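Quick heads-up: structures coming right below.
Paired with chain B in one complex and with chain C in the other, chain A is shared by the two complexes that follow.
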Partner chain A sequence: MPGRALRRIAVTLPTVLLISFVIFALLDAAPGDPMAQMPLTIPPDVRAAMREALGLDAPMLTQFGHWLWQFFVIEPLHLMDRLLGTGLAGESARVISWQTRAPVMDTVIERLPQTLWVVGLGYLIGVLIALPAGIYAAARPHSRFDRIATLLATLGFSLPTFFTGVLLIVVFSVGLGWFPSIYDTTLRVTSLDTLGQQLRQMVLPVSVIALYNAAQISRFMRAAMRDALQEGHIRTARAKGLSERAVVLGHALRGAMLPVVTVLALGAPQVFAGAIITEQVFRVNGLGQLLITAIQANDLPMVQTLTVIFALLIVAANLLADLAYGLLDPRIKAGVDRHHGRG
Partner chain B sequence: MTTRNALFGAILGAMTSVGAAPEVWAERGSDGHLNIIYWQAPSTLNPYLSGGSKETEAASLVLEPLGRFDETGALVPYLAREIPTVANGGVAEDLTAITWVLREGLTWSDGTPLTARDVKFTADYCMDPQTGCAQRAKFDGVREVVVVDDLTVTVAFDQPTPYPYTAFMGALSPILQQAQFADCIGAAAPQCTEANFAPIGTGPFRVTEFRTNDVITMEANPAYRDPAKPAFATLTFKGGGDAASAARAVLETGEFDYGWNLLLAPDVLARMATGGTGRTVTAFGAMVERLELNLTNPAPDLPGSIRSTAAEPHPILSDPEVRAALSMAIDRALLAEIGFGIAGRPTCNLIPAPAIYASDNTACLTQDIPGAKARLERAGWIDSDGDGVRERDGIRLKLLFQTATNAVRQDFQAVIKQWWAEIGVETELRNIAPSVFFGGDPGSPDTVQKFYADVQMYANSFDGTDPQAYLAQLTCANAPRPETQWQGMNVPRFCDPAYDALIEELKTTGDLEARGRIARALNDMVTRDSHVTIPLVDRGRVSAHAATLGGVVLNSWDSELWNAADWYRIDP
Partner chain C sequence: MAVAEPRALPAAPGRARALRRLLAARGVATGGALLAALLLGALFGPLLWGQDPAHIDLTARNLGASPAHPLGTDQLGRDLLARLMAGARVSLAVGLSATGLALLIGTGVGLLAGMVRWLDAPLMRLTDLCLALPLLPLLLLMMMLFRAPLAALTGPEGGMFLLMVAAIGLTSWMQIARLLRGEVLRLQALEFTRAARALGVPPARLVARHILPNALSPILVSAAICLAQAILTESALSFLGLGFPPDFPTWGRLLLEAIDHLQTNPGRALWPGGAITATVLGVTLLADGLTEALDPRRRTRVP
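Here is the complex of A and B:
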């Protein structure tokens, strides 16, 4: 087991480097200019001087090496300094955004709370709805519950979040006036009253995200459970006279969770990537909004850093999912390769 | 209504409870909280490191220039005692220097006095080539800035400068505090995050928290020069999202008091405003949506050194009759109506305002399709093969028309294509991502400057109220070409020695009346007389404010928030 985990980790390192380089090269090759958002009234020589001040004239590989050093060495040192109060990083230059002229990581950290609260909670609630709904629907296929769940899932799946978000605002903010349409990121929860405000402003965006996630995951759960219920050992369990509840939860669930865990694990980094559209609609201004504004402004250091962080999270989630298989399926834990062991 | 109040009350706490203050102008901070929404979020509060209006406008609540432009474009002293002129002795007779005198007793929000040294420092800061200052052009031609005494500072120019109100005037060129930015000059400029995010200013508000690209919170500046202002104790400046939801937050839900730049489909905006929660305000400046015609040949088979340069004239558009016909076929009133509603009005001028520079050129306002056809006919452009497209000497009247990707512009393209089809001109449409189109990357074939098309459409205007630099963009030397790395904003590649001579005359004319006359003549030369640029719509700004917010005077010559110190809460 440790050997397998170490092997997996060893593979991820070059993956991350490769991803970083590919992202950097793509961004470098992409058309666009960080000065493009500036008004046309700014003359070209001023633009050229500004470009130079940003270090845009350096060759691509130099810029990449510089970024790599800053991101993987300087930034972690800064983080340590911040957490432990040490002075390891000193005065060394950090990854600076072209748009804001501020360290990229500071902005990322500033954006984490609202992203985790809103998108994280939306994901969590989505999962909490999806798993039982998927399992129940699979255990009672073609029942009324299954049909309604399928209908809702299809709706959640096919209605884009920019539509459901605006719909909820029009009904609940404009029409009824129950919830705010704009998220206040400066709100600090210090009392019951502010907690109420926080909950109220989260209701709409969290609902939108939860609906979307629940729709997707419940379909996976249902399909996986349907498959699991076809397996031989389920027939045996039923033949032994076990109750349907015991068959589904005790015997089928474990096998059915295997593909679902993959989906859940790979979905989790999306929480950090933010829900770009939902964040825009409700002005949650989390990491998703940060990424999209950086893309619009051609703010390469910001885009590069964010995308690499997301890539790292996805690689890590992959790794976790892999390790979780070991827990769910002892054959993998025992070192039996799945391809051979399962034929 | 009570449910609504109870629920909003919890969210907007401070905002709704302040309605109680009876005398809005009586006391600083007596009107509670102000909520402003900009659907583009400011990324910094240092206007010298950005150039975007979202940053300069947010910063205008904190930082102030020596003088601002009011809603009519007139100059108003802010930190200065008066606007220097030749008449009051502030501007040298030979037009080579301007001397500003600060008001007495001004202090920064940290309580330290504002002096002429801060003014000089601001110039040093922006003029340092390594700062990468976005407003460097404001200091063009400045030889030196000299501190005369604590309150007096002289800006000396290299040569006679008839319009010296660029540096330290308007939202784009406010005064920075030397003590705060002393270590932030040159290459160190971007590293000073703390100063850039929370500059110390003299304006009505000071920053309490800045979250980049998200939200700014401010409070009334305790050291503001008018002890009764601002009426609001605190404010939230929220950014992000899109114009439609910002409009909704001001006009429908009432969550915000002021919403910026709400350029929505005219009917959408009108419908939102019917509820009475808020109202829209408009102001017109010098922003003109125009077509520009390429006088040089953009044919793709030409070598890069010749394509779209003066070396090869345009096979079709070098004929002035065709250019005139293209202009005559357009119904500008309809374009203004469908594209901009209350925020647009048809224009024939490149310089639609201020009034003194605006030509009385209105002939183009009436669409004249038969006249356009007759013109083409007379010039020998005839549809001989009956396919609906005219030709002459084997050249078909076919044009490539490009613009930036934007819903209104694509509507315009479609309608104009239709009109041109009626007069026998075939049009191929193309749209380009704005970041590329306006990006100015000399390596890209799709920029405004490279103009690898026959016709293109975009909007532009000029800073401040003086059009000299803007008109000077159309001189021969400013045509983008390979030798200039495709820089320069003479996009049509217009070249007329008479125009260049008149520009030289403008540069040495100090008298305002005479400047107006010359500017109007220049405007007519490129529009009415030659149709090199075809102005379409004079684009105003549309913003919205809550019915309970008083004192808003929308200004298109300076920051929209220029008079936020005078804003107050109206009792419902």
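Here is the complex of A and C:
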């Protein structure tokens, strides 16, 4: 419903503001100082003038306002200039990393493809394994397939990604020597040979992410499907004499997909954050590794930008999940609004 | 809850039945045994083994398994079995304390939201907001920002323990709060709480006598999951090098150190990683069994 969608979007804006503020306030308490690297020979009055020029003396709310303007207006303008060749942003100041003295967003855009490829592919493969496995296991509860799938899912759920990564390296890199343990990001795909190399080095990190997500999502899919199969209209469909296939795929799946869609949408951004660990294990220089190095180097603008980006992804996924719910659930279309927070 | 009983007077028979069903389930037995073994190992292992996990012996570096060192030694010649058991204490202590904190906050927020009508909307918005925070990046951030000040206050290890418990506890109460609020709302609509209210039972007694005992099982299940997550988070932070100081053994730290020696001693990574996995597996099996045994809809189905 358009009204409902608009209301949801309107609620999202203060959420974004609040989350940005929480992160900003947390970082404001940090001991780091952009003036720390300046030579000690600078006289105190010049130092004070420089602090003023950098806006460090302004009250925190003013600084927050400046930062909001930079992040949500200036940076997108620069991005547009870069993509479309326009000159909207002009000479306006950008968010600069203390580490590289280059605009933060340029580095982020440089690192984004690695993360998207490895993490996105891993999540996609995980979902493609999990959905059929969960549906089939729920349709035949206590069967051999169900028991094996449940066991594997419980095991996969309990294996942290930093351990599966290490295990895979021990078996497939150290033991068998099939795949490299370190992701070489300088590799340029120019021929069939380098393409093969690229695919080979993606196998291990992608599998780690795929396995973990397949385990989590299939557990959820199975539970949702089992609940859906206990509904009254399923009994009716069976009593009508429909085939089990038609009952499961035609009637139960639609109801079962509702909660699963939410989980899928909400899981996607968490995967980005969770990939911090996988990227660290395989030395993929994506966004997660960028965050870790920025934290270790006390590079506050970079840390702040990345954390806010992760937060924005989560908020956007929340919004998408909610809108999808509105489209999929006929009860919401009919105007029977669900109470927030009661699943 | 017990639908079949004509009078819902004594709770004991139903509870005994639930307990019997619980123990009959294979998953619960396996999970319980795993956890019991780990807890016993953490509590009594160091007393029985008696080697100092911090004792450096440079003549016995990077050894494989031998009677003197069943799991071998690390790059400084420290006994890995002793370090694994010391790590178990730290990981379990952090996990249990953080879960305790999360339970405290989550129960408080959930109860208030469920019982006090005008607090419901703001508290649930707060919960939703916290659920939308990027937790791992924020945890990393907290580690970076507050490590030095706290270490100056209480020493590097104590400060890190407090910080770890606070950070994990403060970021994992939301699920418990949402769940408990739902339970409170459901229970308040039931006859017996309405009867108690009509008899003039004050809200505090209503919560203590009628609501909390009946909401106990879902809270326990989510606390178990919270424990598993807390141990995973602590290991992840240590694994990323942002946890306890380097010479302080935790499972995540041991795994991180093992990575540099994967080529020469791949077995070294298996023990700490296996210990983390066994803990989480035990807790998950236990929680799954609890849910299955206590869910009234599934009661008839459990063999």
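Assume the second predicted complex is superposed on the first by the 300 of 343 C-alpha atoms of A that agree within 3 Å, B and C clash if a C-alpha of one lies under 4 Å from a C-alpha of the other, contacts with A are read in each partner's own complex, and residues count from 1 in each chain.
The criterion applied here is as follows: a residue touches a chain if its C-beta (ideal position, glycine included) is under 8 Å from a C-beta of that chain, and two chains touch if they have at least 3 such contacts.
Not measured: the values here are computed from a predicted model.
In the superposed model, A:Ile169 lies in contact with both chain B and chain C. When the two complexes are overlaid on their common chain A, residue A:Phe157 makes contact with chain C while staying clear of chain B.
When the two structures are aligned on the shared chain, A:Pro180 is found in touch with chain B, with no touch to chain C. Legend: residue contacts after superposition of the two complexes on their common chain; A:Ala311 is shown touching chain C, with no touch to chain B. After overlaying the two complexes on the shared chain, residue contacts for A:Val248 are found with neither chain B nor chain C. In the superposed model, A:Asn298 makes contact with both chain B and chain C.
Once chain A of one complex is fitted onto chain A of the other, the partner contacts of A:Asn285 are limited to chain B, with no touch recorded for chain C. In the superposition on chain A, A:Gln230 makes contact with chain C only, while chain B stays out of contact range. 31, 166, 169, 174, 181, 280-281, 296, 298 are the residues of chain A that lie in the contact sets of both chain B and chain C, per the superposition on chain A.
Touching chain A in their complex are the following residues of chain B: 3-4, 7-8, 10-11, 37, 41, 43-44, 46, 49-53, 129-137, 187, 189-193, 196-197, 209, 211-215, 217, 236, 238-242, 245, 248-249, 252-253, 255-256, 433-436, 438-441, 444, 446, 448, 458, 460-463, 470, 487-489.
By the touch rule above, chain A contacts chain B in their complex via residues 31-33, 35-47, 49-54, 93, 96-97, 99-103, 106-107, 110-111, 166, 169, 173-174, 177-182, 184-186, 193, 196-197, 200-201, 280-283, 285, 289-290, 293, 296-298. Contact residues of chain C toward chain A in the complex are 124, 127-129, 132-138, 140-142, 144-145, 148-149, 178, 181-182, 185, 228, 232, 235-236, 239-240, 242, 252, 255, 258-259, 262-263, 266, 269-270, 273, 276-277, 280-281, 284-285, 288, 297.
Residue ranges of chain A in contact with chain C, taken from their complex: 15, 18-19, 22-23, 26-27, 29-31, 154-155, 157-160, 162-163, 166-167, 169-170, 174-175, 181, 230, 269, 273-274, 276-277, 280-281, 291-292, 295-296, 298, 303, 306-307, 310-311, 313-315, 318, 340-343.
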